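Listed after this line are the structures, all set down as structure tokens.
Here chain A shows up in two complexes: once beside chain B, once beside chain C.
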Partner chain A sequence: MTATSAPARSGPVTRSPGLAAARLLGLELRHNAMLWMMPVAIALFWFTAGRKIMATPPLWSLRAAGTQLSGVLAFASPVAGAAAWMGSRENRRRTTDLVSITARPRPGRLLAIWAATTCWALVAYLACVIVVYGVTAHQATWGGPLWWPAVVAAATLPALAALGLAAGSLLPGRFTAPVVAIGAFFVLALSTQLIQGSQSYWQISPIVTGAWDSPPDPEAGTFYAYVPDLPIAQVMFLTGLTAAVLGALALPTGSGLRSVRRSAVAITAAGLLAAGAAVTVTGTGRLDAHGMIAIPALHDAASDRPLRYTPVCGHTAIPVCLNPAYASYLPATEAALAPVLGQIAGLPGAPARISQAAATYQQGRGNGVGIRLAGSRISGAPPVFHMLLPIQLLGPVLTTPELVRQERSITGPSIVASVTGDGPGASQAQHAVTTALLMAAGAVPPHLPSPAAPTTSRSGPPPGAGSGDERYVVPPPGSPAYAAARRFAALPAAVRHGWLTQHLAALRAGRISLVQLP
Partner chain B sequence: MTTGGTHAVPAVAAGSGAQQPARAPRPAVRLARLYATSRRVPAAVTAIVACALGLRIALAGHWDGYGALHLPLVFETAAATAIAATAASPLGEPERLTGRWLPWLRLAATLALTAVAIGALAAAGTGTHLAGGTLDAARNLAGIAGIGLLCAATISGGLAWIGPAAYLIPGAYALYTQWHHPALTTPWLWPGRPPHDLGAAVCAGLVFAAGAAVITVRGARDLAGEQA
Partner chain C sequence: MNVEITGLTRRFGRTTAVAGVDLRAGPGVFGLLGPNGAGKTSLLRMMATAIPPTSGRLLLLGHDPLRYGPRREIRRRLGYLPQSLGYYRGFTVREFVEYFALLKEMPAGRIPLAVAAAVDRVGLGDQSRAKLRTLSGGMLRRVGIAQAIVNEPELLLLDEPTAGLDPEQRGAFRALLRALGQGATIVVSTDLGEDGGAACPQVALRDRGKIIFHGTPGDLTARGEGHGTGDAPLERGYSAVLAAARP
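Here is the complex of A and B:
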């Protein structure tokens, strides 16, 4: 019998197997490649994600979603590559025969390598999460951290380490680690190409945080509770995948005792079942009205109830009130709307408050998502005007001047139109008065020709202004309505206000013509 | 060498009228073949061809804007990594001490593999909608291969993949920011620049030149006890 063909000793080499395992893990921790890859992974995270995440508004939903997506992509290649490199170590150092006669069976040695790689990867990732969440906690005005997105990314790292380790140990070679590192990025970054709608099995990919191809939903954790259905399925899938891969590593003959192999078979089967079940339930998901993916088998109906909050209100002539999570937008919103609100404050039928409302989401064709104001624009007595902030429309992140411009050109006309009764089918006088009030508020330049109207726009404010991206288009310069608007806007504010107070009811009823305007 | 092996060496007869033995391969060709074998150059060529085939197959599918932009970069990175992986030497110190032609062999292998990779990726993109075109692929591949060669010389031949694999992520991010401002416009992130951008081409060229020069002169760094 040669040394290499002798059966591996299965008994413990120390009195305490746990202590021996801890010593082995300590050795692996000291010699693991992931230790040296940690700075690379952290640098990649901060270079690609740090400034992007920190540039988003301080809303927990946006920051958490960004951390999940960027964390997975930044850590995928380093973790998978390092694990593959470590997995091929015995072959690379020509120690395969040497270690095969040691007391530790091969699955135990590989498990220690996986554990060490995962530990360092998690340490690096947690450092990034702590910084992002710490800064967000400092900046956020309301709400608390959303942990599920961070957990999904954290669960991805052991799975990547297991896959890399399996590739490195089963196919050792100089091309294995690079193929695994690049392949991990490729699979994660481009697998989402296969997502079509919210009922796609491919949403199991850990970089998916909600409706794919749409920016993260800011409603989660602000107006409605965060729905963790998709993250639960993703964690279930990743855990099952990790267990299946690690179990499969102990399956080959010569991997140890028969009992170890039986356990490995059970772990592999359980992992595959968990992963398969997670994929199956993910395919039953749907985009709910609040912009999150709801999976019936995992859904808790309690999370559909709106969150209770006390709005933060400003001090304009008509108060503007926002959800406290959006409190940082209040100064800009007030600056945008104050001139318009000053024109209509005190008029009969003017809203008593401008209040931010929740959006409602609807799955469109493919990955399209329709977003509009939930409920009517004006409700209650005294009337409250409901609006959406631009950030709720899933558009690009706006600077403060851009935000002010957008609010002034979309929400402002909509508020004025709600007072004058302007809209589709309104009279020329209503168009003229709306335009005049916007001119007086500085929302429409009084002496410049209007820009060329886009094909989808028309004169007068859009019916859903404030909930879409349609802009108000002034009557064409030279038209009677435009001339009347300029004339009315040129009146002293007190005269204009007095006339409106007296004639607004008739104007809204369409009984005022252009020539009757002062 | 055993004594039994010596009898197989044909004796060379002296004199002009003596019969010449069967012609052996030219030493230079043999040296190049041995070098290529020791560096797994055939495997690297296979990997590069596989990358080109993978790109060709992938381009036949339907990709959205992000996918169409990122897809070529991933395959370019993979091909560049294959080039860098050939820098590792399994022979180490003895080869460095005795290999007079070693620097030239390193340079020739690097240039030849880079040319093969560019040609293969260009062929893969012919007749398809390859984002950026051949010029973009050549620039990206050369620059990323340069990163890999620099890593091989400074870290280790076996770990040369770290640089290209790490660069892939900011490279892909630079492409992403072309749609999601603020865009990253530094020429050092050349994958995010247009194909005809001179600054990006210069940066990629400089990195490739530096990598090729360092690997030519010094070769890949060996880790003690590691088999390449």
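Here is the complex of A and C:
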């Protein structure tokens, strides 16, 4: 120790609070627990969800929704825990006396800790978003990134940091941080258990991306514009919650001047008001026809308009056209439908094009959602057959062979049936001809093993049940219709095609009986 | 007067830690002596604005610390080293001192120079980048002193500042105290009479919450002539005054 004098004070005192705040933030950034939790949060995101997200079809809506849900769940524990740990630092390290007698008010110190925690959390989350969105940008065939889901997850991080900090500073202790970390995860995960339908207040939870208990809606950003009503309410809630918690931390007596406390009261009240308003308007939401949550108070009617796009079409006998966002599915769809389309191409009344259409959504009981084709299956002149891809039906994500199998067993028969006029109330001859064409196309095996165990049946709910796309039921083996179908399928293709060209109108009108079939 | 205390009392439940203390101190080094439990730390914490008094009047640097605005002004011009120094293990010496410079709302432009000077003055210039967790107890004590003096305080309160310092460092510390005491009021609390005698022109001896002696180290030494126990003259005066004050 030396008795040298301190450097002489020179010039007028300029406190430059901005520079001091930046230096304080810099110190907190260097020593914030979130810095060490960043790899943990990123690893949690990647190993619990990242790989799963990247395995979903490259549609912006699916990837963005996955990033929101998984981002919030993966970051909840690390962020809340780190903030609680930092919030209890003064008590744990026994510096309370030392820091409490300094001129900077306690809210200022806490704000620096909160800002540093939030900064690192956002940096880590941003890294995850950049990877997911960057890869998606390379894989997606159409459309652009949906930012609202990413903004909701990003807005969750400051709120979690504020809540963790409040818990750590109000209940300082060695076990506060782990308890808060675990609690944050469970509160978020359990917050959705009370959701019943699209008019639930609990949809305000930041892990809700659309109709709860249903997989993410692929229609957003493909057929219709993304409706940001729910994300807007969620961001409003999270911002309000953050402001209310931070304001409340400045409320205790001794935190500052009366004017500072008055500001804290105002910020807390404004935050509570914003959060309360967001929850209230969320309760008025409803599932719109395009699968998104529309909130009347926040809804912009312009977002209901269908998006304009140029479909991508294949080169089968009857062209198959898909929304460009689904272009990667075209080869598989063509492979599934080409044999069937070859059977009906050129027949009178056969569709000129097979076109993918939008699905329409309807809220069912509880969290059930009904999805079906919007509009009629066949329309226009020349006629266009409209279909849904299995991915639009909110079923499980299918591999390419599964997709081919499903389209061959559901969409193929529907297309043939639309030509023969098969369906409820159709004649046995219509049913037999449909089955014959499917047998000829290889969509139905010509020799079924036994009448008791048909390979295509209604046993169990098929994927997309209730959508109007259901598996075709062939006549039972041994029945006259089945025998007629086998006989008709065994004809040379040209003979079959010639007979159909000549008699299809009569067949559709129900004027042909089984015995009249060649 | 930088410190004006009248009838200051502090109670913790049914225990009276400080009982009706009167004290006035201007620039210079003031020693607060007394045995363990005499209420030195409680008095210092009240002077540091860490805890409010239960009753009595306290004026620091001409301001009333019970009001927020004046209290903030006092805190800008205050340095305090608590008896038990808490610290952040991951901070370096420089960062820790800078942190407190920022909390004391020093002008940001002056902080780097002030931090370097404070660290140099406590003899840790070559350890300024060392993490606090790697330092010995004596070095940590010096870091505590550095954070207390970084803002060139006009009122410096040091609670047992020499605990953990070796004899050489104590000598250097006393020299530092004398230099700082040229323009500031320094109150040093210690239970070691030698520290008070060596560095403080004025000392007060406290026992059971009250001041039982106030004067120069010479006066205290004189009280021990022919009385008291201890190896050094000041220690004999210290024990003689304590013995006289106790029933």
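The definition used in the following text is that the second predicted complex is superposed on the first by the 483 of 518 C-alpha atoms of A that agree within 3 Å, B and C clash if a C-alpha of one lies under 4 Å from a C-alpha of the other, contacts with A are read in each partner's own complex, and residues count from 1 in each chain.
Definition applied: a residue touches a chain if its C-beta (ideal position, glycine included) is under 8 Å from a C-beta of that chain, and two chains touch if they have at least 3 such contacts.
As the structure is a prediction and not an experimental result, all values here were calculated from the model.
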Looking at chain A, does chain C or chain B touch more of its residues?
C
Kindly classify A:R93 by the partners it touches after superposition: chain B alone (first), chain C alone (second), both, or neither?
both
Given the touch rule stated above, what does A:A189 touch, chain B (first), chain C (second), both, or neither?
first
Identify the partner contact of A:R308: answer first if only chain B is touched, second if only chain C is, both if each is, neither if none is.
neither
Once the shared chain is lined up, is A:R365 touching chain B (first), chain C (second), both, or neither of them?
neither
In the superposed arrangement, which partner chain does A:A20 touch: chain B (first), chain C (second), both, or neither?
second
Touch test for A:H31: chain B only (first), chain C only (second), both, or neither?
second
Which holds for A:T102: it touches chain B only (first), chain C only (second), both, or neither?
second
Considering only the touch criterion stated at the top, classify A:A181 as touching first (chain B), second (chain C), both, or neither.
first
Find the residues of chain A that appear in the contact set with chain B and again in the contact set with chain C.
93-94
Quick one: in the complex, what on chain A touches chain B?
33, 37, 40, 44, 47-48, 73-74, 77-78, 81, 85, 91-94, 174-175, 177-179, 181-182, 185-186, 189-190, 193, 213, 396
Give the list of chain A residues in touch with chain C in this complex.
1-7, 9, 13-17, 19-20, 23-24, 27, 30-31, 89-90, 93-105, 109, 254, 256-258
Touching chain A in the complex, chain B uses residues 40, 43-44, 47, 63-64, 66-67, 70-71, 74, 77-78, 81-82, 85, 88, 158-159, 161-162, 164-166, 168-170, 172-173, 180-181, 225-228
Residues of chain C touching chain A in the complex
45, 48-50, 68-69, 72-73, 75-76, 78, 80, 82, 84-91, 95, 98-100, 102-111, 113-114, 117-118, 120-123, 142, 145, 147, 149, 152, 169, 172-173, 175-176, 178-179
